[in-house]
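Before anything else, here is the set of structures, which you'll find just below.
Both complexes shown next keep chain A, but they swap its partner, so chain B is in the first and chain C is in the second.
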Partner chain A sequence: MSTNTETTSNHAEPKPGMNAASRRYTTDLTATGEPFLWGLGGALALGILLVVGFLVLIFWNGIATFWPKPIEVVTLNSGTVVAGEPTRDNVFKPGDGLLERLTEQDREIIDSNVGFAHRVLYRTGNYDLYNEDFRWVSDFEIAKVETPPGMYLFERQEWGVFIGRIAGLVLDGESRNLSDYDRAAIQEQQEAARERFEEIRHIERDEIGEVNYYMEQARLDLKRVALDHGRDSGEYRQAERETEQQITELQREYEQLAARAEAIKETDRRYRITLEEIGGEQKELPLSEIVRFYPANDLSPFGKAAVYFSRWGEFLTSEPREANTEGGVLPAIFGTVAMTLIMVVFVAPLGVITALYLREYAKQGRLVSIVRISVNNLAGVPSIVYGVFGLGFFAYTLGGGIDALFYPERLPSPTFGTGGILWASLTLALLTVPVVIVASEEALSAVPRSMREGSLACGASTWQTLRRVVLPRAMPGIMTGLILAMARGAGEVAPLMLVGVVKLAPELPVDGFFPYVHLERSFMHLGFHIFDVGFQSRNSEAGKPMVYVTTMLLLALIVLMNASAIYIRNRLKKRFAGSAF
Partner chain B sequence: MNATAEAAPDEAPKFNPTAYHVTKSDQGDILDIRNFNLWYDDVQALFDITMEVPRGLVTALIGPSGCGKSTLLRCINRMNDLIDEVRVDGRMAVDERDIYGKGVDVISLRKRMGMVFQKPNPFAMSIFENVVYPLRVDGVTDKSVLEDTCERALRGAALWEETKDRLKESGLSMSGGQQQRLCIARAIASDPEVLLMDEPASALDPIATAKIEELIDELRGQYSIVIVTHNMQQAARVSDNTAFMYLGRLIEFGHTETLFTNPKLKQTSDYISGRFG
Partner chain C sequence: MKKTLLALAMSVSLAAPAVAVELDPALPDYEPISGVSGSLKSIGSDTLNNLMTLWAEGYLSHYPNVKIEIEGKGSSTAPPALIAGTAQFGPMSRPMKSNEEEKFEAKYGYKPTPVRSSVDALALFVHKDNPVGCLSMQQVDAIFSKTRNGGYPKDITTWGDVGVKGEWADSPISLYGRNSASGTYGYYKKVALFNGDYKDEVKEQPGSSTVVQGVASDKAGIGYSGVGYKTADVRTVSLKTSADGECFDANAENAYAGDYPISRFLYVYVNKNPNQALDPLRGEFIRYMVSRDGQSAVIKDGYYPIPNAIAQAELKSLGLK
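Up next is the complex of A and B:
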């Protein structure tokens, strides 16, 4: 064998300065007596292939989603014109009825493809005009395909995208000649209109929302007085007068704000745009309704990149629109991260303390064995069962109790007595605590006995030994358990649907009203968002790209959280790096 | 294996160590062990041990593996309490106070004894924190006290010159021999009465071993040292008195030189001449 010769020659004439590492020894697999190595390696390769394939699918679709596609204008044999973004294509088997209506030539092509025809799915948009977003176009229907300039894609606040041309422009109440306005000028007007829209929204949601909040608060305070003192008491009458006065004041404030919003709306109505779809039908709408628009076929690569990043920006920083199939996922990102962190806050002490008792204090006997087996079995309980438990125990029993004690004035509408981020986090903490207990126990038992003895021999108590010597040393292992728990918790959806995740949460769990953190509020979650967009929306085809993007984001978020935990763990580990003895 | 050795446990001669040529200290005895027995569950590991350990001297425990010398040593500061199955009876006293009496505060008992283990076991802390650990668990926070103690203990363990500029570094960054001397410094930091050493040099190279032996020699007089060793030369070099144990029994206990040159019993002479063990 050539390898052998090479090795021998190395031995025979050692070159000066040649070290042992530069020699290579290879052996036949059969000669090493490891024929099963192929089996083991094959299993690993298969596993890696599955994971990589999954990730490539998610990332490829996720990354490509926001890239602007060209708009094709397809003229059909029937004379109809269809304009849209080609989304995907497939082959299908035309039925007999359809085949009969085709020309001889088309039938021959289909026959030569063993009866299959090819078709393309176009995203035509204009739901308000067509009652559908997508349209299949078969190859045999097509007379010609063009990508003409001047075709625009408009993303609208409502009704999804509009594909067509700009037919008219009304600025400040006057109809303008379109030739005076190039795209940049229209875009400038659109951005100004968008700013007005945002301002109206700010006034209506934030400022009027604040006034409403204080009004509600005043009413609740009054109700509280009624509950505490009765409706006939002097205190109640006093409070009633004060509340009335307060509400009148707030009402005045509200009217001022409403008038301000109305003024801006008045201006807004004077800026309008007329859009024309490919068939010639027109639609007029306020300029502020348009979130983003671009001439799909006239964009340079830089222009496309600008649209791409602007869409990513919107996705990451704004709220969903259009039943979650458009817009952003910021509330869901926030909900996912907040829920996971709150879960860790609960699960870490609970799991570690349990493991400490089981491993360090409890007398190792039958009872402890039973507890340990039960903990391991808990890890196998279906997560939906935890969800049911969380709803029944945390939300209804605990939360109901809290409501009755602390928020009687709000009843019958529940405060804590329904799903919320606190109950969701607690449910997930229960779900993941077995992982933490098992990992922590392993980590504790891996601390060498000599360390404990060294500390105890110095006159330390068991607790001092645990706190100063054992726990720091077990910390990397405990962190590993927490990381596993976090990954499991952040990706869990089923139990959350019962204990507080909603399709659209109008308010984040953190805001400017005392006490600033509202753990009783329901929240949005990326995992549930995927389910909702993919399977619960009116048009699953429209939601599909969002499913990929959201999945990618959820994966990235979990990787990010795990990476930071692993970074902390490795820094802890470094302290024990030299402990060879 | 020698026939005499195999038959030994049954015909172990009745032997009163106190009557033997133990080098006595002018300060009296620190440890008094009387008829001490120990069981792991149903298996008896120590049989009727009776010995007196003189104050301020070095006492070596030798014997083949499994003879119970480490077990005996660990009984002195009740480290065997950590093992659930251990039962003991008989009397063991340090400075006239019972170790296994009712209501003995194990923690304060351990504070009066320093222990050095077979493998160096410094904590994952700085050198400084390692040394002052016994004071930390006592709740001492006075910086000057801690610094003084650290210096005294490190000087005592002949480690001060090597470490005085790197006290903030991790104790795990040192060499094996240094780590073991760090553990000795930790053991003497709280100024204990007794220093228990369980084969302190067995995991070290010859140079580090020599340093440890030198150190034991220097500590003689300040502390009463009980050292378990596998290495008979080491016992001969460092100790004043030597106890030979075999299969859980104390066979012979006496002045080191006499025991090695002129053992009273055949078992002892067989062991020290290397015929078994």
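Up next is the complex of A and C:
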């Protein structure tokens, strides 16, 4: 094939001498194709510019988000003191009402700037005290700006950030003198408190969780017996006794665990820290409530880097906090990857088999053409339509049927009869199957006829030819189709909102309880997370940086998945390159 | 009691830019019980979406292996989900309409039970540089509605029409609102538009936060959304019920007293059979919701907590007390 193109291109190209001569004498630029070439190049450049601009925007904002900023303490003319991280600034035109209230001097400055003034948005935090997290401060309001040492930024388990100073420390129930404890010592205490917090969580979530799971299971088993045999039957009475016994036992286990957790909590309550905001208002909270703290103005570049990476670590490996605006996105990462992989598992055989039949077995005629056109048209159906189909057919019809057959004891709460990761993957598989079919057909038709005929002439059957000769050669092309499908599927959000993506689903579809993989569970998805944090969270200003970081992560994830698919494809190519005739 | 407390809080921190909302000190702490497990799903209001998530996070910290899923795509999605049994909770930012209640009753034989979970003042947001002063409800109606049921004599299309001077006077008002699936849309239509129709120019937004973001980036914008979604880029407009009435800000005190004209309860609907006790899984969630812990989450999300009297009344109506 490649040699073929070379010959044609040789034919098409005029002899070099002739070409130069015609160029010298022509006055019409279009004849040489020059403007057209410029147009093509320009279009390419524009496209690259747009993509690069988009990526730079995302990365610039995303990369910088977690870098600790200094805390400025701003004293206003009115005497009020504001402390916060400068977030962004802009110029604005003060209205007449505002101008009247300014001093002569300020008005002059504004006049000299053709009526514009400058202002800065400070992230002040302390939402529980101020009822706002951000505040605009105009330059003409400011008496002075400082970055004093000793200003701390605290990231709290609840209520977002606190900006202020440390005003008191209670360790093991005793109030300590702050001068005896430097930052490292407090940090040590905080880390110890955090460990206690994690342990409580481990007991509550994993160990008590297990007890609760078995309790629920026992209840469901009993309900099942009631459904099978009726409530008056001997079986039911026996099962009831057994269940009761089982539940009492589990209850005892639960109480032991709860007592253990309570003991740790008791200790935890004896370690407290008092924070003081810039205006002098104080707030005492358990040390374990503090996720991270650092003296923003006293950090060395290394200290800043440490905070930066620790924030990334939290983002990638923990669960979201505070209605998704803080903490990490681990469940969303997991959901995105798992859904995409399950989708590939469905779409690959479906698409490839369809393409094989259409290209190799089916008699090429009007019917096959119609099928092919229909497949191509499917690619153009809006994705939300697939979502509606997925909800109506998969979740309600199929899922409802499965529930009625296999999980009657759990009704009316649906098991499969509502959105879940399985239905979402299937919906996306439907959405992406045209891409795979078209790409696979192309790949199959690119295998030279001579190879097929050679194989058939040696006495191989059609299937043997397909399996041993055609498929291996077509594999890289089929993989390309799958990669395209994956990229499309991983970035799709609209249909998922109907078939199983939710705002909060802390439980991963995989856990330690039989059958270990729970495909009926709802899941979180990075794309939906972006939508949710950006457009649904209370504080959209605080959510903005998270949107950039999450977008960056989603892009990185798709690139990573594609890169590994490309790697596999290249290995396949190499493997089969040698086996050609 | 609450009002004096609020007034106290106000006077102490008058210098501060904003005032922290206080909880009713009589609200009881939440006392966890043992053996609660199972899975819950909530489908409904987008206004209550974050709040449900915060409650779920708090509830999970007491009952770690309860599974809670939350979906918030508009109040109108709550009744069908409750009827179909796909959700145990239906958060709604408006009371159910009678036809929704009837459909529920047709299936179960009794009405769904509403729980008043928190108070929301619907704020009218404008860009932070917009100098517009207090607006009367009739003016608001004339800004947003084409039918002007409020009785304002003429249509309002520019900021000059509501008394803003200088360069703002000629700039046309750009309108932001919610999409029709949201309870906020319906509530605002009923109260602020006097049941009239929205103008066609209202840009319908998919979320409460999107309205605020729209206004923040549009100098001539005005939009309505829950007061909890306020950012530093927008400010709220104070409102009066009639042209010569007194102006009230969107704050907790005015919302409780009923002075602020567009404040409302946010509901969580449950399917409770009047002849059966509520199962502990749902019962404890409601108990958590109206407890001190649950109500401090309300403040965290920018809404106003309910006083203890309402909390106790709700527990009573569900037989949890």
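One rule holds in what follows: the second predicted complex is superposed on the first by the 540 of 581 C-alpha atoms of A that agree within 3 Å, B and C clash if a C-alpha of one lies under 4 Å from a C-alpha of the other, contacts with A are read in each partner's own complex, and residues count from 1 in each chain.
Definition applied: a residue touches a chain if its C-beta (ideal position, glycine included) is under 8 Å from a C-beta of that chain, and two chains touch if they have at least 3 such contacts.
Quantities reported herein were computed from a predicted structural model and do not represent experimental measurements.
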Of the two partner chains, chain B (first) and chain C (second), which one does A:K363 touch, if any: first, second, both, or neither? first
Identify the partner contact of A:C458: answer first if only chain B is touched, second if only chain C is, both if each is, neither if none is. first
More chain A residues in contact [chain B versus chain C]: C
Scan A:R269 for contacts with chain B and chain C and give back first, second, both or neither. neither
Just chain B (first), just chain C (second), both, or neither: which does A:S450 touch? first
First, second, both or neither for A:S522, with chain B first and chain C second: second
Between chain B (first) and chain C (second), which does A:V469 come into contact with in this model arrangement: first, second, both, or neither? first
Could you tell me if A:M215 is touching chain B, chain C, both of them or neither one (first, second, both, neither)? second
After lining up the shared chain so the two structures overlap, which partner does A:K144 touch, if you call chain B first and chain C second: first, second, both or neither? neither
Is there a shared patch on chain A that both chain B and chain C touch, and which residues make it up? none
So in the complex, the part of chain C that touches chain A is made up of which residues? 15-21, 34-39, 41, 46, 49-50, 53-54, 56-57, 60-61, 63-73, 85-86, 88, 128-129, 131, 165-168, 206-210, 212-213, 228-233, 299-302
Would you pull the chain A residues touching chain C in the complex into a rising list? 80, 92-98, 121, 127-136, 158-159, 201, 204-205, 208-213, 215-216, 247, 251, 254-255, 258, 279, 321-324, 411-414, 417-418, 497, 502-507, 522, 534-541, 543
Mind listing the chain B positions that touch chain A in their complex? 77, 79, 82, 84, 107-108, 110-111, 113-115, 117, 119-124, 133-134, 136-138, 170, 172-173, 176, 179, 183, 186-187, 190, 196, 203
Which bits of chain A are touching chain B when the two form their complex? 363-364, 448, 450-461, 464, 468-469, 472-473, 575-581
